[in-house]
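Heads up, there are several structures right after this.
One chain, chain A, appears in both complexes that follow, with chain B as partner in the first and chain C in the second.
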Partner chain A sequence: MPKKPLTPLLALMLGVALVLTLFPIFWILMTSIKPPTDWNTSPATWVPSDPTLINFRTLFDPEAIGAFGVGGVSESATAAVFGSLLTSITATLIAVCIGFFAAIGLSRYAKINRFTPLMILSGRMFPPAAIAVPFVIIFATVGLIDTYAGLIAIYVAITLPFATWMLKSFVDEVPREVEEAAMVDGRSRMAAHLTVTGPLIKGGLFATTLFIFILNWSEFMFALVLSYTNIETIPVRLSKYVTATAGTLYGVQAALAVLAMAPLIVAGFLIQKHLARGMTFGAVKR
Partner chain B sequence: MADKTLHTAALRIEPAPQERATSDSTGGSTGAKIARRRCKRFAMGLAAPGQLISIFVLVVSLLVALVMSFTLWSPTRGSLFDATFEGLFNYEELLIYDTRFLEAVGRTVAFSVICLSLELVIGLGLALIFLREFKGKSALFSTLLTPMMVMPVVVGYTFWMLFQSNGPINQISMFLFGASPAWFQSAGLAWTAVIVTEVWHWTPLFFLIMLSGLNSIPENPVRAAVILGASSRQIFWRVVLPMLKPIIIVALVIRAIEVLKLFDEVFMLTRGGPSTSTETISLYIYKLAFQDFQLAYGAAAAFLVLIGTLVMVHVLLAPVRDQLLGRNN
Partner chain C sequence: MTQTPKLELVNLHKKYDGGSVVAVRDLSLTVGAGETLAILGPSGCGKSTTLNMIVGIEAPSAGDIRIDGVSVLDQAAGQRSVGLVFQDYAIFTHMTVAQNIAFGLSVRGMARSEIKRQVGETAEMLGLSSQLNTRADTLGGSELQRVAIGRTLVTKPALLLLDEPLSNLETEMRATMRRELRRLQKEIGLTIVYVTHDQIEALSLASRIAVMSEGRLRQCAATHIVYEQPAHTFVAGFIGEPPMNLVLGAFETDANGARFVAEGLQVALPQALGPRQGQGILGLRPDAIRLSEAFGDSFQADVLLVEPRGAETVITFGIGGAQMKATVPAHYSPEVGTRVNVVFDPARAAFFSAETNYNLMETTP
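Coming up: the complex of A and B.
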């Protein structure tokens, strides 16, 4: 398309979009460094006059906020951060490994029919509240409820379609001839797939891993209904901070929110090129 | 770059030589037969772990939910195996008498239509602006994508803070209009808050997909239209938009599936309130199952939703199925 310069009106629209995009993030960042006196002022404080890191410290040491004469944070978020890291990382690695083999199978050997996309997507269509019901029952029977293993199993299961179809779109881009050449040289099928295709889609594997990590790290409902006392993740902790008596501890809540979104924004920027592909099960490539 | 999206499928290679040789004729030599069987077994081995998991998750859990939806079982009534079948009682109840469910369905659908249209129009608009030349384009591109990376719970929480009665949004509205409404006290305002949140969160995805679509449109038809003297408006409506159609549908379908399940943001923002005026389907099912422990009834509701979504997706996807599959045959 012919490249035209920007008109002032369009530049203004971009400016508005930029401000609207950044304002909520700016607000949560500012709130996370507000001292307790600035949390709930009326009118609201936009930029704290004496920024502090006390909110972040309180997350790991609930007593810390006492220095400001505020009580009410009874539980630390340490367990939640640990739980989120453990479940997200483990589930991501498992899903990407299984997904890689499934992607090779789909790309190189499978016949795809017209119901395939529906089958892929149907897993995403069922309201999670409803998948959660049978899972709670099944997990209660086999003793997996309220355990990290159970949560990891669910995360693997729900992110596997994303991993498989995103990786398939990368494998599709590697010509078969490259693998065939390796097979002619005497390598087995498996060796050809692993040692030839694997390195060629390194970037794709990296992008898929981060994308699946984003999905797992953000998941809320399964963690909510499958955790009672033993396990916890960051989103669950955040919802508890908001509903509990701690309802007005804005600074501490915001600190946890910042902690929750920081890794996502970093990961998102790293795989920016592949986000569209991931979100659309590999249908949109760039 | 041009054409890449729509025709990446062309990169797909013909079957491996030995498979091609054997797949044409049904007979073939014994050696070829063995090779073919071995290849098939190998392919099944590759897919097995993934398929086992999918089968377990989808089939087993759907079966449990389906069986349950025909009973009146709840955890307080003993084992699920002892529950008696009540036929379509739950479904009848839901579709005919449960106004709260029907309202939640209508509300969620209306909400999805409003949000998706806003997101599509804004996203496409921004993408069109990004076709122009200006400084700092790539930095701005990255920045505009930020919202979609933030997790839904945090988005819900952030906007819950922004919409507080002494929050910044009311401060601005006080300055501009001299009014500072209580956002979560009235149904209309609570809805507005949820819509603003959803649109902020997911417009970047539309922007991203639309820009990727616009960039992959072949240049020749557009050049031809320019030479033939078409105005830029005509070019957009008659040339660009039709070529963008498959990608628009893909984006809409994928987002529609997610929006219809909307839970996290509403849970953090309003919990369905005031009263049940912002209750989505997912929130209602969640409350049924995990607050009132009417698991069987909740499962029936979920099935109705699943069937509705399946039909909608199947119909919407029809024109773009081949592209989604990445195939060219």
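Coming up: the complex of A and C.
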């Protein structure tokens, strides 16, 4: 595709789009290295004159911020980081694993009716808040509320439709004959899927894993309503940096947001590369 | 045939979607050990479905498949000792050439050193030795095809099925692969069933041809019989370029004997057909017809079209109300519109029933 020349109008629109998307990131990065005196000044402090890492230290050492004469935060963010890692990684792996087999089923075998794939997605058509309430009631009854298992279960339930649909599009690209060839060579159906289909959609599996991980990592609402005291994730923790003595601890909040952003940015770059690769595999015939 | 045939298909049926689509109807044929049979037909005639049933990827709706006299219907695809080279090769693109060829062996629990030896041998036979460690997704068309054949041959199948394996190749490579296949077939004594829509490929590779259309077997006979005495008008029209001339006319029998009569044309019927009446179809190969300007007691025709094709020329002429084509040597080229003499060998004429479209002569080999 020949590239169109960059006209002044296009450049202006591009500039506006970039400022709109990148400014919040710039602001949060700056805030995370501002000392408490610069958090909320008027006029705004764009770039701190004496940058500090105190906000990051305060995340894991609640009293550290006291050096600046500000009351410390109530607890460390360690539990939230641990909780986010545990729930996001576990739920992602489970969803991708189940989704892989569901995708193969839908792509190769399922003949229930033509709406089956749509029905799988239908759970996603309700506003999340609408299904959160029944989940709170059910989870409270069966004792899953405020547990990692409960949160992982609901993350799997929410992301599985995405995982299935994404992976199905990749499996659809793999020619059926390749699996049949493996079977003719003596593999069982299952072995054919594991040794041939799986490796052939490697790029797709990777992209799906990253995508689902991003969803889980940034999920806020379910984590908020399904956790009380035992479990916590980063997005929930982020909402708690409000103290009676010092108001909102913007710098500390920003520091945690920067930490939370890092894996997402890495995942975003990786996904780009692998999605591009995922689209071109399966070209057997030339 | 006293020997047990290598492969027998017995009244094979395949229906899809609860019987509304019939891909294969009542197919019966046998393939002898060491024989090469080509299944020829237009796309959608059921030939690939037939291969898939033989190899075990699809189960027949009715009928039986026997290999060496034993029904294999209850055996899974990998257990039948049948190899299949897929039309699009179905190469495992995430593996190297060596891993592709070794794929069928590793599942058999063979020792690593033995696998390596056999993969090496097969690769050498197919000229792939230098590419063993190349990833398959970087290979070109003819290499992919050789990998596909190698992957199948290395498992030493009793029966090798090929699903249009040459259709993706350039003309030159195609000829080479055809020669290779013939050599392999002779060297290993393989029984080959070869599916193609390309009649040249079928005629040049196989000793017998099975012609299918609309899920039915129209004829299964030696190549020259399929060419000279097609069992069905479909076969007559499908094989040969240009195809067999078909002329609708009538059979007449009187004191002078039985003959086929159409406007401007008549042919004595062979003794074997006996006295006949009613409608019929005459089939005549374009290369069985000679044209000349010397008028004799033969039939006259008007030249409608002259198409030079290098070594030969195809001439379309009108005889009575019908149009026919003749293949003549290139140096003979009459003007369009001239009147020519039509001569042909009555022994090479075929006669079909106008009702059933089947050949009236017994054509089974």
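What we mean here is this: the second predicted complex is superposed on the first by the 251 of 286 C-alpha atoms of A that agree within 3 Å, B and C clash if a C-alpha of one lies under 4 Å from a C-alpha of the other, contacts with A are read in each partner's own complex, and residues count from 1 in each chain.
Keep in mind that, in the parts below, contacts are C-beta pairs under 8 Å (C-beta built on N, C-alpha and C of every residue); 3 or more make two chains touch, one makes a residue touch a chain.
From a predicted model like this one, the values you see are computed outputs, not experimental measurements.
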> Of the partners chain B and chain C, which touch A:8 in the superposed model: first, second, both, neither?
Replying inline: neither
>> Taking the superposition on A as described, I'd like to know which of chain B and chain C A:187 touches: first, second, both or neither.
In response: second
> Given the touch rule stated above, what does A:175 touch, chain B (first), chain C (second), both, or neither?
Replying inline: both
>> Tell me the contact category for A:196 with respect to chain B and chain C: first, second, both or neither.
In response: second
>> Output check: A:253 vs chain B and chain C. Expected answer is one of first, second, both, neither. What do you get?
In response: first
>> Between chain C and chain B, which one touches more residues of chain A when both complexes sit on the common chain A?
In response: B
> Which residues of chain A are in contact with chain B in one complex and with chain C in the other?
Replying inline: 175, 177, 180, 183, 281-286
> Which residues, counting only chain A, touch chain C once they are in their complex?
Replying inline: 175, 177-178, 180-188, 191, 196, 199-200, 202, 281-286
>> Quick check on the complex: what are the chain A residues that touch chain B?
In response: 1-6, 10-11, 13-14, 17-18, 20-25, 27-28, 31, 40-44, 46, 98-99, 101-102, 104-106, 108-110, 112, 114, 116-118, 121-135, 137-138, 154, 156-158, 160-161, 164, 168-169, 172-173, 175-177, 180, 183, 189-190, 214, 217-218, 220-221, 225, 235, 238-239, 242, 250, 253-254, 257, 260-261, 264-265, 267-269, 272, 275-276, 279-286
>> Which stretch or stretches of chain B touch chain A in the complex?
In response: 4-5, 8-9, 11-14, 16-17, 39-40, 42-44, 46-47, 49-51, 53-54, 56-58, 60-62, 64-65, 68, 80, 122, 125-126, 129, 131-134, 140, 142-155, 157-162, 164, 166-168, 171, 174, 200, 204-205, 208-209, 212-217, 219, 222, 226, 247, 250-251, 253-254, 257-258, 260-261, 263-264, 267-268, 281-283, 285-286, 289-290, 295, 298-299, 301-303, 305-306, 309-310, 313-314, 317, 321, 323-327
>> Help me check something: in the complex, which residues belonging to chain C touch chain A?
In response: 52, 55-57, 76-79, 82-84, 86-95, 103-104, 107-108, 137, 140-141, 144, 151-152, 155, 168
